[in-house]
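Read from first to last, the chains carry the letters A, B and C; within each, the first residue is number 1.
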């Protein structure tokens, strides 16, 4: 029974990992850019929630209403002003720009906030609810709920709205999209904004569930990468499955080896050529990124 | 006397040092069907890509009606009323046929007409109505070409450019598509520019033809004025 | 020998002899030598990163793996096994070469971002591993137990040596058949493949050479510092320096990393006054250069030179 409890709590965390991966998947799949700063975006989101909840004295869950639009604008402007230009120089320069950006953000956060560990605890952080004799963490459940809402909203946006369809079209064939009347630079910027907005949510979850440091970005970049590689690019459902898998890995590996297991899993997946494995997952229905 | 819907004045397109289009002037009248023909490498695709905003125009001016649209990016050209159906059709393969068409009405002024235009497209290409919920990538070459054309129509264009429509399609399919394009021209008075290698069909279908070689227009005229001999000479550069 | 090769040879020999002479005659103060040690070493790791990324198209974000491995090899050799540090360096090189070969099986199937992120992951994994490995003292790190400890002039000689060797190796490699293949790959990889360039072998060779040279330079860096920790040996900071050096100097040129290394070392000196800001400033400069001067200083000068020559040719 205890094992099942641990596993279930691990699966619940899958939602967080999925959303972290989703942000990276959006940028990689649509803008065809590897954002090495994505981990730092998540930490920015974590600090945003921490600072906002302290400053305004509100429950951290509410901070997303502020952090999401703020980070959307941040991502949108960054893409529009900086990254679109570097992409014109090529894939490698763009990669290096995001690398430079990750370093700048990390050190800026180190300067602004001390290198100390941070965490948001609330009254209900450690509460559990007893279901079928197992203690299920309420926080885990809440965070899963939030993650699912984010995924649903994103799916709806991409499926039903003009901009959403424009983004998907641009991902498929940027030239044809431009010829259809879509401003590709703007579509990329919106996609980036959305990705950064998901980082805001991821940041909230990270800040409430675990401790984080200004230097924690790298660890979440790894999470994003693993989820994207396993879940497949451009497949929201796949990302969710991969997130849950990742959650299980972490729980099985425990605090010490969880990270190592992720490294190994990742390398195995890359060797086995992920693209072939994930062709199967891709054929399931649902919103395409 | 119909006015000029598209005016190209001495257009030059250079890729680095290579001159792909070397001073082309064209006047396309509203409601007409015009063909631009020539061999591979004659510059016709480079010309159309530049006009449609995909590549830069090195010299010269482009007018859409009275508007100077020189240097407009692709999406601005679409807003201004010019649509290019590129070589090979190009669909958004992972999206449904319906979504492909809806994307076509992305420009603000065309959104209100989405439903009306969808019906029009489905009438012109009934097979698309059947397959509207299928992924565009699963359609045949000819059907994907239809999706691309339909998408262009959704933007309420004043003028449509077709780059090598017949490429890779079976003759009977080409015949049908050409007939449909003629219909579009007749019903909506949409100006059509066909870029083609298939001289015979192109000249027969259109009112006016330009024959290009090595980036220049060597010969132009009404279908009736152009003799086979002249066309052959210009086409091959003899 | 072509005119260009002759020029390079003359410049190389002149500068090489100059720096050797300076050392022999004792004309350089310890302070200046300290700077030069850094410059020579950064030139070395910069040149090979350039080879990897600028020519072979493999943007490695994990070269620090070899720096850490080599540094720890010297530390272990001198502290635990009490052998000469020179041997320690050789062991470090050997280990790096083996690791590079093993990694190559994994890495060479990957392109673009997969390659980059995997190199980073491997370096991170190594760092994490060394952090919890009792044999190397875990987080406490190790010291270089060398007696007598090499003075700055010995370090100067070592770093000058590796710098000259690196420049020679890079130059010869680029002029060789492998190098021509590389330049072809840099410009158009599928065309290169169709022309018979053995892409796999070329990439492997370049990866191996860069690992070995990075290891040697890394070992000397660590000896210079005197200590090594998991987060200094395997720090991403090494990659930051390589990226910065090559971008500001000019990716895809031999002179680029030389210029870049000099600027980097001087800049670090300046930035030492603003603790915590150095990476931020470096990052901002690097980003601005990528966007506005993508060929770096040397690359931009070269292009302007060519354009100028063409104009005078046309005028003639």
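Going forward, a contact is a pair of C-beta atoms (placed from the backbone, for glycine too) under 8 Å apart; a residue touches a chain by one contact, two chains touch by 3 or more.
Bear in mind that the values here come from a model prediction, so they are computed numbers and not experimental data.
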Maximum distance between Cα centroids and subunit A occurs for chain B
Taking the mean of all protein C-alpha atoms as the centre, the chain whose own C-alpha mean lies closest is A
Per the C-alpha centroid definition, the whole-Å distance linking subunit A and subunit B comes out as 42
Rounded to the nearest Å, the gap between Cα centres of subunit A and subunit C is 33
For the pair subunit B and subunit C, the C-alpha centroid-to-centroid distance in angstrom is 52
In the complex, subunit B touches subunit A at residues 52-54, 73-75, 78-79, 83-86, 90-95, 99-100, 102-104, 106-107, 110-111, 148, 151-152, 155
Listed in rising order, the residues of subunit C that touch subunit A in the complex are 53, 57, 59, 61, 106, 109-110, 112-114, 116-118, 121, 124-125, 128, 132, 236, 240, 243, 247, 276-277, 279-280, 282-284, 286-287, 290-291, 294
Per the touch rule, the subunit A residues reaching subunit B in their complex are 162, 165-166, 168-169, 172-173, 175-184, 234, 288
Per the touch rule, the subunit A residues reaching subunit C in their complex are 28, 34, 36, 82, 85-86, 89, 91-93, 95-97, 99-101, 103-104, 106-108, 110-111, 218, 222, 225, 256, 259-260, 263, 266-267, 270-271, 273
